[in-house]
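Let me begin by handing over the structure; questions about it come next.
Residue numbering begins at 1 within each chain, and the chains themselves are lettered A, B, C, D, E and F in the order written.
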């Protein structure tokens, strides 16, 4: 007879695994990938492929030559990070910059800390902010979306994002109303389906929400976190809209433009870098919502979600300390229920 | 360490005093020695800045002119060569930069055309808005020798003649506005015959 | 149907796999030799009162529990003491055991050997406790805590409710289930005895909703019986943990580090209630118990009534023999049971099941790193942070571990069951608990 | 003298005076907070901060020694095992005391349940931690006293003095050992003992701590001490005591005559760093390899590595 | 409003540690544990505020009138050194509790560039005394904010396994870099 | 002590920045370019060497309790000298280094060497020690400056190697921290191999 195995209890497992979780996320990103392909064509494919391949390459290389630990590139986390990095980039970005961003993402933000699960900051966002600051020109050139089957022009035309357009106009002294109805401004419907300038993954709200719903259904993410972000951003920007509609954009505009939904659904929910308890997640989400709107309204960057998530990532350990799960035995009811 | 002094009050007091005394003497002397070069260096810096934006001059006269847009006034340096006015250098600003205020010195020839522009400080994004600096790009050259009378000081997007820096319209707008402020101020002063 | 009661935080729902739920309890034939380990209860092991060569009768006292927390042992059959020597116990360690060569199966005198139900003549609570103590009854729910100790309510406390644990939340196991179906009346009587012993007017039986037949049957007999109620509970592991059960049935939370009596409860297993009935009304000591023998590849998953001291190999034989690709043998259920190094290990008072796991399921998957998915936190019924406890246990940070309430862990294994990274969380937490416990002892 | 010079002088001197007054206060208020000897002692300590002395760190040990010297005028049994006699002598001389010489010690692994001698009967699947495995079960080889082979001792040694031998699955101690005792504490089975280094580094010891009777002991491990007392009978120096079916060699009494080694039927007694005795045994001795170990190793088929790597 | 701008600027936009590179040594050195970080922040707040007041007075009433601004460095550092000592004595006398909480950090502060840096910056920015004090407090708050945030992250990192080569200072610096990257999002707020 | 060893220890084995991690603020603050790094390094070397010499000369006359203030006065004087001289003769560099020149006075290396070395050793040794440590400091600053300048703007010592900008982040604060972090990690590896 073969040797019996001795191990501590429990002796069964629910057979979920890290890679299953990660590939669920990949699956959830497919609608957004399709949307980006629809609007930005083969450039979107190029950017996504380059990001994923260089992320995998970097992960493999660091594990093989520097950490000398087990190789775990097939756990899917680098694929998720790679796609999310691509989602945060404009379609026209040169490939070498994507490679640099992916290397920083995996090399600096992830493997330096020991790899999956140990990084305090969201790798894809570190990669993205790194690129934003390093390559400001290319990172702020947004190709105008053209649905795949529409007649294509010879070379890509770039235009501003809705947020950039608005901010620029208001800063230049135009009223908010004029800007909202400016000819370049995408309509509400376009914003919802994603026919507007922006990074690959952020343009189509509906596609992202679809993916988010799938992840909630699969219990990969908790709905409280994205909801708290969106709600806070809505209320906070709405407050200022009520105070002075001539300067501030309406809350729906804030929700549907920029990467707010992308960040809320796919990036803030990264379990590695977000708090552990639901209460903590809500605090985290409220923080992100406030910071995002603050940066959008008063900061120099038209878009604030990346920074907001990174800053709240820094708060995550403190939040984890402050919002422990409710310990059993902490609220002692003396009265019987039955 | 045989001769180490004990830590009593007199010892502490005197040793510190002696050290301070020696330090004081030496520092005072060094200061006296470097005073002249420091002053010279400071003067040279100002002069260099003006030399850059003003036509040849041998003397400078600072004046204050009422700004064209606001009640405040701007600092203007008039350059003279042999008593002849050779141009104005206006310390001007704009608050519409991407990162906030932009300060620059714009130099004009007597006919009102731009001699040169030198950015004093700004908070624009490196790689984007900071291309307005002469050390970063040649973008500012499009202003040289243009006379704002026929070169409309507005970016093309706003219906002017200025080509904006790629992806940095806001910074370009601020820069242009500051130059415009300087030019209008000079022009107003010219019309009114100056108000020193 | 109304929403079923359950405990509030945490919990998992592993596949139930109650393969032997419909198998009636069968009495297993006596083996030639019984090996009766001395230490079968929580607390101190009893001292032998027989020696090599002694003839004993079934039911005769063979070891006396002298310490405060200890329980008597009785001869499970008549025969001759072969030797008192060490024998391998369930952990592979050698411990003292009494070896009994079986000759026959005659009860000792003074023991009621009929199956007749005895309702009347409940003795006083002192007498009840004394009989329980004499009979060597320990908790049959797994922990094997001497029941008479549990019945001694500290003076400043007052018991209000007796909770009867018929939850059997462990997957695979069906021994309590079968017992509730087949010995319903005895159990109810045992409950009444226990109620009298601790002087309470109310008893609640908690049974998970996956045993509707048992619930029905218990309800039949409870209707007449005042003060005893049966409650169906939502199926959720570890509902059977006493703190969870109290929460589910009464909404009370036992404070950290305290016993159920703190909130006026005493919890006992249905098997314990049955044993109490037998001891008090029939004078029978605890010498046998129901054991589930199960496993996906086993030909006949069964429930056996087994004499203490019978080797597990005999049970497996009776259930159709060991499947060839058995990779792990578990004493108890899959969530809390102990893996055994051999099958030559005797059944003790605390053994509730023998589970044969086939090879493909017996090895754990390779652990990954913690991705902080918080699933372990979500499922922990005690509101702990298992990922953190495991890390700080690994780093031997005992003070931190104590602050993070490592000692509250009930070792239910929910965290490790659910961890997508397949981390040995509970292994580390156990280690940490052990270290923290010794640190706490030293500090005192 | 020009103004600037004068002002400079005045300002600086004034500041200096103020400072001197302030500092004088400090000096007066808090004279000698710490004994300067503490620093001196700390300087000579090895700064390994290993805790071998029984105190949390070298600094703490320095404080304790100074205190002991001041109060009791002796160091008692305070000892830095890492620095050894050398360092303790220096410490003593700083403190103006004598220190008695201590026999240099070394860690010794008293188990020979190698893969070959005690083949695995079950397989452990769990974290590589002896402490955990000890709590869980008796060990893969079945001996409840034997080495679990998961290397808690190796992990505890900060001097890199102990490592696992991949072929035997047992830890081996090398010369870097400073007798700090960390591994002794780390081993949940109490297998490691600090013993006298012995003359010329030679030592003889019973490499087993199994207290079971001969039969059960031998069942799990071929190289177990079966408590037959042959060694005790042959020892001319009364250095061997028998207790609980186990022989123990007292290293103070042992004269390293090696008689016991020959008579042990299970080769449970080890000799280390002795020259080869008979030409028949042609191998060179390693720390834990028993005489005849190699021959046996060849007979038994190799067993899988015991260690399970987790994380 | 002015004060709010000074505070937002010092805490978020031009954070003394993450953007101005002052006080990095204690930022790296005493950020292992949150309580330590809090203690250090408290001590820094106290000393920076006090030092800024005194140095401002000395600058405005001694150095400027006498025309010996070049003595700034030497005068300020002497004042700070003396001040720290004095605080230590006084604290020990008046409030032993506070002393045991903050006192241990005081010696570290003398050689902390943040104190001298803020004192000099206050003069360079031509602040009046009140603005100077607000500026000093704001900067200490910025220091404390960064320090506590960072301590939280480092406690977390400590529990996880960091690759051998990066342990300690390197990982702290990389983390600080990413934190600084995140803080760039605040640019333009004032 | 062997003076050569005394000198070289500061370069790698006891490098003040890369090994001892002292004086991080100027290190990060001024190394936006190799040239600035070198300038700062040399200024610090000057202060370090001179104050080491002077302190070593006067060490026997200073009572213990005023040791630190006395050292500070000496160091601060040399810093002021550097400040004045630089302001007069190298105004451009002075402007670049800005606040960090007066901050040399609180640079932990300077006081640290004064305490640990100069106050216990002869003037010549102290000078060598100061030079060694100073050069070590300057070396580290220059290397870091070169790395940041190259990665940030594709140039080293203002000589363009790659046309156009590379990754601007390296000139900014985050890049400074990250580059130094990796540089220290690499130094540790190197040190182990030598």
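Note that in this section a residue touches a chain if its C-beta (ideal position, glycine included) is under 8 Å from a C-beta of that chain, and two chains touch if they have at least 3 such contacts.
No experiment lies behind these values; they were computed from the predicted model shown.
Student: Which chains, if any, touch chain E and chain F both?
Tutor: Chains touching both chain E and chain F: A, B, D.
Student: Among all the other chains, which ones are in touch with both chain B and chain D?
Tutor: A, E, F
Student: Going by average Cα coordinates, which chain is farthest removed from chain E?
Tutor: It is C.
Student: From the C-alpha centres, identify the chain that is farthest from chain A.
Tutor: The most distant chain relative to chain A turns out to be D.
Student: Counting C-beta pairs in contact, which chain pair has more, B-E or B-F?
Tutor: B-F
Student: Return the distance between the CA-based centres of chain A and chain F, expressed in whole Å.
Tutor: Roughly 41 Å, centre to centre.
Student: So what's the Cα centroid distance for chain A and chain B, whole Å?
Tutor: Chain centres of chain A and chain B, defined by C-alpha means, are spaced 43 Å apart.
Student: Compute the distance, rounded to whole Å, between the mean C-alpha positions of chain A and chain E.
Tutor: Computed from C-alpha means, the inter-chain centre distance equals 34 Å.
Student: Residues touching two or more other chains, restricted to chain F: which are they?
Tutor: 65-66, 69, 73, 76-77, 80, 84, 168-169, 172, 174, 178
Student: Send over the residues of chain A in touch with two or more other chains.
Tutor: 4-8, 108, 114, 117-118, 130, 133-136, 300
Student: Quick check: what residues of chain B touch more than one other chain, meaning two or more?
Tutor: Residues 7, 12, 16, 19-20, 23, 27, 31, 98-100, 126-127 of chain B touch two or more partner chains.
Student: Which two-chain combinations qualify as touching?
Tutor: Chain pairs that touch: A-B, A-C, A-D, A-E, A-F, B-D, B-E, B-F, C-D, C-E, D-E, D-F, E-F.
Student: Mind pulling up the chain D residues that touch chain A in the complex?
Tutor: For this pair, the touching residues of chain D are 120-126, 132, 136-137, 140.
Student: What does chain E use to touch chain B in their complex?
Tutor: Where chain E meets chain B, its residues are 68, 70-71, 74, 187-188, 190.
Student: Within the complex, which stretch of chain E touches chain A?
Tutor: 34, 148-150, 152-153, 155-157, 160-163, 165-166, 171, 174-175, 178-179, 181-189
Student: In the complex, go through chain E and note every residue touching chain F.
Tutor: The touching residues are 18-25, 28, 70-74, 76-78, 81-82, 110-113, 115-117, 120-121, 124, 165-166, 169-174, 176-178, 180-181, 184.
Student: Would you pull the chain F residues touching chain E in the complex into a rising list?
Tutor: Result: residues 21-26, 28-29, 68-69, 72-73, 76-77, 79-80, 83-84, 99, 102-103, 105-108, 111, 169, 172-178, 180-182, 184-185, 188-189 of chain F touch chain E.
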